[in-house]
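Each remark here refers to the structure printed beneath this line.
Should a chain be cited, it is by its letter among A, B, C and D, assigned in written order, with residues numbered from 1 in that chain.
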Amino acid sequence: MTDLPVFGAGIWHFATYKDRYATDGYGDPVGLLEQIDRAGAVGDLSVVDLNWPFAGYDGTLDDVKAALDRNGLRAIAITPEIYTRDFVKGSITNPDPAIRKRAIELLHEATELAKDLGCSYVKLWPGQDGWDYPFQVNYHDIWNLALDGLRELVSAHPDINFVIEYKPREPRVKIIFPNVARTLLGIEKIGLPNLGILLDFGHSLYGLETPADAAQLAIDYGRLFAIDVNDNLRGWDDDMVVGSVHLVETFEFFHTLRKNNWEGVWQLDQFPFREDSVEAAKQAIRFLKAVHLALDTLDEEALAAAQASHDALASQRLIQRALLTSMAGLEDA
Amino acid sequence: MTDLPVFGAGIWHFATYKDRYATDGYGDPVGLLEQIDRAGAVGDLSVVDLNWPFAGYDGTLDDVKAALDRNGLRAIAITPEIYTRDFVKGSITNPDPAIRKRAIELLHEATELAKDLGCSYVKLWPGQDGWDYPFQVNYHDIWNLALDGLRELVSAHPDINFVIEYKPREPRVKIIFPNVARTLLGIEKIGLPNLGILLDFGHSLYGLETPADAAQLAIDYGRLFAIDVNDNLRGWDDDMVVGSVHLVETFEFFHTLRKNNWEGVWQLDQFPFREDSVEAAKQAIRFLKAVHLALDTLDEEALAAAQASHDALASQRLIQRALLTSMAGLEDA
Amino acid sequence: MTDLPVFGAGIWHFATYKDRYATDGYGDPVGLLEQIDRAGAVGDLSVVDLNWPFAGYDGTLDDVKAALDRNGLRAIAITPEIYTRDFVKGSITNPDPAIRKRAIELLHEATELAKDLGCSYVKLWPGQDGWDYPFQVNYHDIWNLALDGLRELVSAHPDINFVIEYKPREPRVKIIFPNVARTLLGIEKIGLPNLGILLDFGHSLYGLETPADAAQLAIDYGRLFAIDVNDNLRGWDDDMVVGSVHLVETFEFFHTLRKNNWEGVWQLDQFPFREDSVEAAKQAIRFLKAVHLALDTLDEEALAAAQASHDALASQRLIQRALLTSMAGLEDA
Amino acid sequence: MTDLPVFGAGIWHFATYKDRYATDGYGDPVGLLEQIDRAGAVGDLSVVDLNWPFAGYDGTLDDVKAALDRNGLRAIAITPEIYTRDFVKGSITNPDPAIRKRAIELLHEATELAKDLGCSYVKLWPGQDGWDYPFQVNYHDIWNLALDGLRELVSAHPDINFVIEYKPREPRVKIIFPNVARTLLGIEKIGLPNLGILLDFGHSLYGLETPADAAQLAIDYGRLFAIDVNDNLRGWDDDMVVGSVHLVETFEFFHTLRKNNWEGVWQLDQFPFREDSVEAAKQAIRFLKAVHLALDTLDEEALAAAQASHDALASQRLIQRALLTSMAGLEDA
């Protein structure tokens, strides 16, 4: 077996959740340090993505660093919370200039923290930037506000990368960066080298894309800076455990990454609402190891030949042979 | 113009909301009595549906009654909260018998309160009863647990009606009562006269149904006890303001009700996350009055003739003539 | 390995196709006898479902029987073509009584042929019975026409079974039998023992159902008479090769059948528009054999325990262990 | 009322159709000249888009010109048939270089015809260019084949415009130009001034876009060369009559065009499978005239103010006032 990839997770994987019905939460709150300890308990994780501000945490940054250290974890990214109460009508596209300003300030602060922690990138997820109703916004204006805000932020920090995590919808009914191509259009218009894409497999899937195709496009533009994986039923961002539904397309996604020598982190963005979060991560990584093993055994030459003639049956046969034997070689299965 | 219908709303229309991102809420919390006052401020509402337990309310029931009175409102229904933390893996279908028991007890208590308040029905919305993952549950068992639980509850209270509000998904990835036909199958199997359906227009729409057809079926089985209206983009339960997207199908839905002499409440189930809740209700009712007026002017005889030959163009012309002139006759538009 | 199931296919699997764009067809027309020979060439098929009238065939029935014989095939079903030009506004629900009459006559003739060929059932697929536009039909009337037509047909032939193949849409925008529950409601209302359901896995999947749950419900009502399998992307009836996308849910579907000792044919309903049809069937059966093998190795006791507590992670682990090793034991993979 | 726009239609609107079930067609074939006469019979159409080769037509080009003349019609575009039998595995992206060459040749010929007829543009709709199965194609290669083919074609004809009509899927399960942003990325990469977009409202709608936003983006890139309208249920390209479902979003789409002083043709791309095609066009234009009238009465200043603060309720009220009174001022309603 070739070397395993580096595994990571969003720290929220180890929190508990609320939604609009269970407003009292899907379990007792889990503090930030405990979330980090849970991430450590998974055993295969090396990096985590941290939300900031640290919601509900009143300890010191040093304690956070210590918790990461004792669990063998590194902060790979900061995800600024630009989607909480202050920003429910938008962050960098908020109709109120004062709130736009506050959003940019928060983003600057988060960026400084990311640098302090030695992160690889700052993750921008503008989930509240968009619209809900027909005729609600002027599309020209909101798009330009988004690009202006990004340009201002990203150009001020040439020493760190930024990624946009696109998503079709939720919480807004429509989000300004809904798919890979629209996001690349924006990035190219802005024209800065340190702004790229975090491609969330599930967002791509329920956004009508073929995730492997989206990844290839972002790679061809030199903009695939990071990825997240999870699963869903193609209608919503269910954030289910990787490999619970779309085995073949997950395999194809990682195949595309390997073929392009993409060597980033295999990162989990799962919401185990009703599951043990440590076990959910373990189950995901068990499947991802099987995928990794299947990539080792896949007959790449035969696959390339099949693809050269668009032979769907030949390629299906090859990939099933690799995927449906993959756990036979896995100790932990 | 014929007499206007009775308008109502779920009291949560006038609350503020949380979701999994804005966990600090879309605004300051609004207490129960203030919610009732806001419902009163709409001006056209006569009835409300109350959640119970009264979350975050520590006043007396008498104060609730007084608030309803001073706003000219009546409680038409109680919606027991069988989808909060205790029940995130299900209420009447929870795998743990102790939690199933607790759910039934809560439902009995809610029913007593409904009787005390003179409600027309108790609304059952088993949004946490279902599954998320393939192979998670035994489908035979969970379905029978649901029917057993309903039979036990409903048969114990022959003096009040119960309604099931079906919904395809959310918060569970799949809910046990996802559509009108499945719900009717269950109701017929249970065989009690006081168990019916609350048809939520939006649930029907994003569940691939034609809402007017679903209403007709429920009526033909004598089980359409109540309705809720709102709107969405056919992919999720967006709970947008009525008439913001699906004007024609909303019109058809109410046309079906009138044709069958169905005379229940026209009730709002909207979640104005980012809007003023009183204004959102007013906007909805303004549109519903236009619908009501359009029903008055629609040429029913010509429509029946068009439908007898499945003539889509003739019926489109007739209904556009009624709908696209409807606000010309409305003072408040 | 336990005994393999009986494999079958719709004979159209081996035809060529047209659609609204490639009106000149996806290849040269393939005559009925050649379709049968192709079915024989697959090697693992024992039964076929035949469309009738035999479109474009002017030979004798004896020649058809001879072709079946020489390929070791049996006709398991007749699928009457009640969706061609005469019936584009409906068969048994056509607004024109003369066409409804013609549809019933064609169905009687098809039934006689099915008996002559020793078929197990007549398959009813009312794909043109439904509506396209809001307000186009009277939903009460069209539903009752459907039930009346079925009652008339099915009661006249107590010596053979009939199945309804439900489907959400296509070619009509909405079809009268869109899902399992609505179809069961109709069947129960008709109340005849020889009317059941053919559950097409793909129809169930893109109709927002969980196919295994739909199968369980039909079994619990004693109405699961037949099944078809294929695959799609959950948004349309793509009729792709089985196992190309939804491996886990296909596995779960067959697991439900085995658990209930359901012993019918594993039947293909694929449309290999651009693929070699014999190879497409072979690829499908290769995967289905892996599923069969996985069912043999699945730890049923542990799965039942996991399901009793709705433990999604435990069940995922068990089924991945079975599925992702299944081809290791398959000679032909 | 301001001057009416120019109305147009794809000539196929007046043909009859086949699909994979009604392979004998939804009616008797209608010859090209008769299609043109039907277009003329609508009364409000000024231009048509012609498929080429003229399927089933063996008359002269002069006869076609004469038919257009006598009906007061002009050919605004040629749509080359690069999606029939020869091209079912792709035209400019076909894996077979010989077929790619043939596709390009056909496109050159079609372009010459377009010039001869004085058309405004050649419409490229690569509906067979894409993939159906995971792992079927190399995404990098197929995308570059598409761009290469377009560059070769479009650069050879600087004297006429070309448009790409993007579409998410059908007939391929995935099409290479699925949405506005991906198409703009390709166009910008090619970098020729005479290549733009034809935005089909229905494609945009069921592709998860907001059509008005897609139009704005294409306009902002100077690439919105043409539009088509129709309607659907957001899940498939139903090509229903304009205004039968999405009144508000159709209104918003045309509002965006007017606001930007976009002055192209309002063109129909409807497939009235079971309707009289002349009546279907008349019904569409009746609605479009109401939209035009509503645009005249809409309070633009108030709307701009509402949009400046993202006030969904205020904008809903304004647009309902305009839309739901629009037919009161229409003679023909």
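The rule is simple: a residue touches a chain if its C-beta (ideal position, glycine included) is under 8 Å from a C-beta of that chain, and two chains touch if they have at least 3 such contacts.
Labels paired with UniProt names: A, B, C, D = Xylose isomerase.
All values reported here derive from a predicted model rather than from experimental measurement.
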Chain located farthest away, centre of chain B as origin (C-alpha): D
Centre-of-Cα separation between chain C and chain A, whole angstrom: 39
Between chain A and chain D, centroid-to-centroid distance (C-alpha), Å: 35
Sequence positions of chain C contacting 2 or more other chains: 89, 132-134, 233, 235, 241, 244-245, 248-249, 274, 312, 316
Pairwise touch network: line, ring, star, complete, or other: complete
Contacting residues of chain D [partner chain A, same complex]: 89-90, 95, 131-141, 143, 168, 174, 178-182, 184-185, 188, 207-210, 212-213, 216-217, 220, 248-249, 252, 255-256, 303-304, 306-312, 315-316, 318-319
Complex contact set, residues of chain C against chain D: 17-27, 55, 83-85, 88-89, 127-128, 132-134, 169-171, 173, 233, 235-236, 238, 240-241, 244-245, 271, 273-274
Residues of chain B defined as touching chain D within the complex: 233-235, 241, 243-249, 274-276, 279-280, 283, 286-287, 290, 312-313, 316-317, 320-321, 323-328, 333
